[in-house]
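Here the chain labels run A, B, C and D in written order, and each chain numbers its own residues starting at 1.
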């Protein structure tokens, strides 16, 4: 089997192109691949369609850095601290430039990915009825349920097939086989729906470790394009069993990015002025080490023996 | 929380009624709850709609015993040995009585459960096109994909919401929380779609064992109606990490059930003449012990610690 | 001076909306505390769901910043994906859900998306998240917000999360088969839909507040229920439960 | 006498239909052995999928009776549900799939459901399983059957798994966007669709068999391809791989 271990800059260069639809933050508030967000900014990608149900500050960062042409999702802001200032500036004042918004709810977003992952022509849902999301996003269609007697209304959600889905996982092997645990948001659907999948593995392990538990595999290696070994790639977001959330970091971002100038200074300090995620981790220093989960609360083993 | 541990006869009495749609064999060839199949026969349930993609001999047994009014699924027979003689007798000669067949493919069956589990009005699929399954099962509808330009054809699958889904799981606690590993077929969808869920647990464990790994939970306890502690409930089907398949038993069933009389003798010997699954295990004796998986191939642990 | 804060009263009032055995979309901040209080008092069998893909019996032992925090994963009843969790809403298996909002109107419609024309908004709010889905399909919608004239408005400019829409049978006309706001819990009062119009009425006034004052801080001509109660202050048992849930004293 | 059995030749012929890096719905019996031979010879990066929810790189180390047997779970690349696995078919991500059948017709339509009128069938066969889905959506359908006149028929009475339907653009007219039979491997020959009609033609005759004999055992007037090959016998490398896959000598 082909080894797929590459550096994060290589993976982003190879798999993210200007104008692509990129899923970043499929697991909602956890396991957001911020290291990839930062690298996309460093490489100056443009016109991306950033797709996530809730991306915490990842989408806000990309918007402020000028990488985004469209936001597809249900929520953009700063989960623990409030509004996303860059998102507001872009939508309200076109700064750094105007933005298209493809409004979804969490459920319709997930169903759009499911439709693409499962090869469905669309997903009929019983949500969004009565919501102006149907007005601001005209791609939904209202239709009657042909199986109902009384003309029951249903909303048809078109499939969403990302060009690339970027995921943080706890561990992967060099062939792209991986384990993920804890709540997974829309990660499985986003991976199966995408043309390319890039994994940011907190740990790279021998293939036997992944093969020891095939039911914990989020997406099989043959569907993965690149694996990058990037410890704490999720920082400041949390990762189950690995990293606590750096809520102070989110707060600091919120305060410092109120004005455009403050955001640009923040971006210089934490992204553009750092060569890569190693430098970022070094800059965080002891505060990152404090966030590392050191305790153990291990899963009961599952036996796969055949005899 | 309410304890739900009851005997298998109690669970079947309480949760399976004549005429119910019952999922037995959601995991395809593995983890088929044969102990429940036998108990349903002992209790003389009638007019059931037995639903499974592939049930190995479970559906054939129920048909021969006169419990079934309709089969909903993709395949009925004996996976390793060939045709299902009772199925043939019922459909070809109305013996012991006639049978309705609701034809599906594996995929359309799974999508029907998914639609019910996910509250979708129906599931549009790109399968069954060109197949006479669309003729013999008129409940499917052919429709145009409204998102296509050229009037792309699609098949609409109505939801399938079972009255009760009966599952074998490796381990459960008394509250109905459970772990399942290995390929799961349509078990998750069948559980979420059903009004009642009955678990046959190979092992009953303390709640902490299940809580140690919430990502391995197939269906949460609050959605489960009854838990029965029935070791080897899957026999002669296999269960990942627990029981090998008793292929000789399937072969023997195949040979002895060629004629109706042979089937009735088999039924007396293995079902009606035995009080319960304890007696069945006792009758199997050493041959069951040979099928028990004694080796260990344990999953790598997953850490859920928060600090 | 009362031995509880306004936020503590809101939490307790919210907890009282949860019935034993119910399945609740919990959300962060006040509602998660309310869920904890309900579990420890009258609703020991309530189940809490989180949009990221978590179901819990016991609330997490520590304060969460987000629902996907490690502390919310540890000991969960089920950790799965967003879809198996959120589709329980359209499947009709969720009894109630809590949401907040920037604006709510007299028919309980909630806006968390755009202030002003959505094509050129004055303020871009974060958006729906799962709120639109909870509002569409939970059997009861429970809203928690601060009681300000700019927040409780005659008509929201954008309906993110449908309440009773234009009132009356507005939900049915839109194709919604169940649900709608059951209570709006503010820092001054509790409002509930009444009558055929389903308009939000003042049904309970928090201790220390008056009908007059509440009307002044409401952006429409707020009607009162035939009987307006005073919101009972937290009982000793409720306060005790709250202190156990909020051991860090975040809401005191 | 040849140093291989007819079944071994069929397995090797089937293995040759698998290309390196392809994703294959494998099935039981001969196809799973073919997958193993392909992996050990020319297709080390092929991936095998199983309907119950298993993906594997290496085939299982022992003979399987069903695809969900413990030996097929151990060391799998992915153990999941039926839907994440089988929906890869309509999603267009499956290169080929193997199926068997009771009957196949000259346009490659396969019946595994009913012999005779489905309302009052003469023989009730087990049904589709996943075969209809593989036939609808895999990029190439590979059928393996015994070459008997009653099995290779002019027209099947019930199409469980669509081939080219009435031939020509029958699949397109039915709404199928890809796929169709690529090869029918029997114990006497290999048939492939040729020309605009997509009718199955004799393209390769197994050693020891004749065109005449094959026509006699085919239920329609079987046409021959412009060039009819003799199926190459298993090479030493193929035989060696086969013996490693079939260490119990099941197919000898």
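Following the convention adopted for this analysis, a residue touches a chain if its C-beta (ideal position, glycine included) is under 8 Å from a C-beta of that chain, and two chains touch if they have at least 3 such contacts.
What you see is a predicted model; the values in this text were computed from it and never measured.
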Touching both subunit A and subunit B we find C, D
Output for shared partners of subunit A and subunit C reads B
The chain whose C-alpha centroid lies farthest from that of subunit D is chain C
Chain centres from averaged Cα atoms put subunit C and subunit D apart, in whole Å, by 57
Separation of the C-alpha centres, subunit A versus subunit D, in whole Å, is 40
Between subunit B and subunit D, the Cα-mean centres are separated in Å by 28
In subunit A, the residues touching two or more other chains are 111, 118-120, 125-126, 152, 154, 181-182, 184, 188, 214-215, 240-241, 244, 293, 297, 304-307
Where subunit D touches two or more other chains simultaneously, the residues are 54, 69-70, 73-74, 76, 79-80, 83, 87, 89-90, 137
Contact graph of the chains (line, ring, star, complete, other): other
One finds touching chains in the pairs A-B, A-C, A-D, B-C, B-D
Note: in the complex, subunit B contacts subunit C through residues 1-2, 116-120, 177, 188, 192, 211, 214-215, 217, 219-223, 304-307
Per the touch rule above, subunit D residues touching subunit B in the complex are 50-54, 65-70, 73-74, 76, 79-83, 86-87, 89-90, 113-114, 118, 121-133, 135-137, 158-162, 165, 170-171, 174-177
Subunit B contacts subunit D in the complex at 27-31, 53-54, 56, 73-77, 79-80, 83-84, 87-88, 91-92, 103-108, 110-111, 114, 125-133, 135-136, 152-154, 181-189, 238-241, 243-245, 247, 250, 293, 297
So, in the complex, the side of subunit A touching subunit B is made of residues 111, 118-126, 141, 143, 145-148, 152, 154, 156, 158, 170, 179-182, 184, 205, 209-210, 212-216, 240-242, 244, 293-307
Listed in rising order, subunit C residues that touch subunit B in their complex are 23, 44-45, 47, 54-55, 57, 62, 69-71, 73-80, 83-84, 87-93, 137
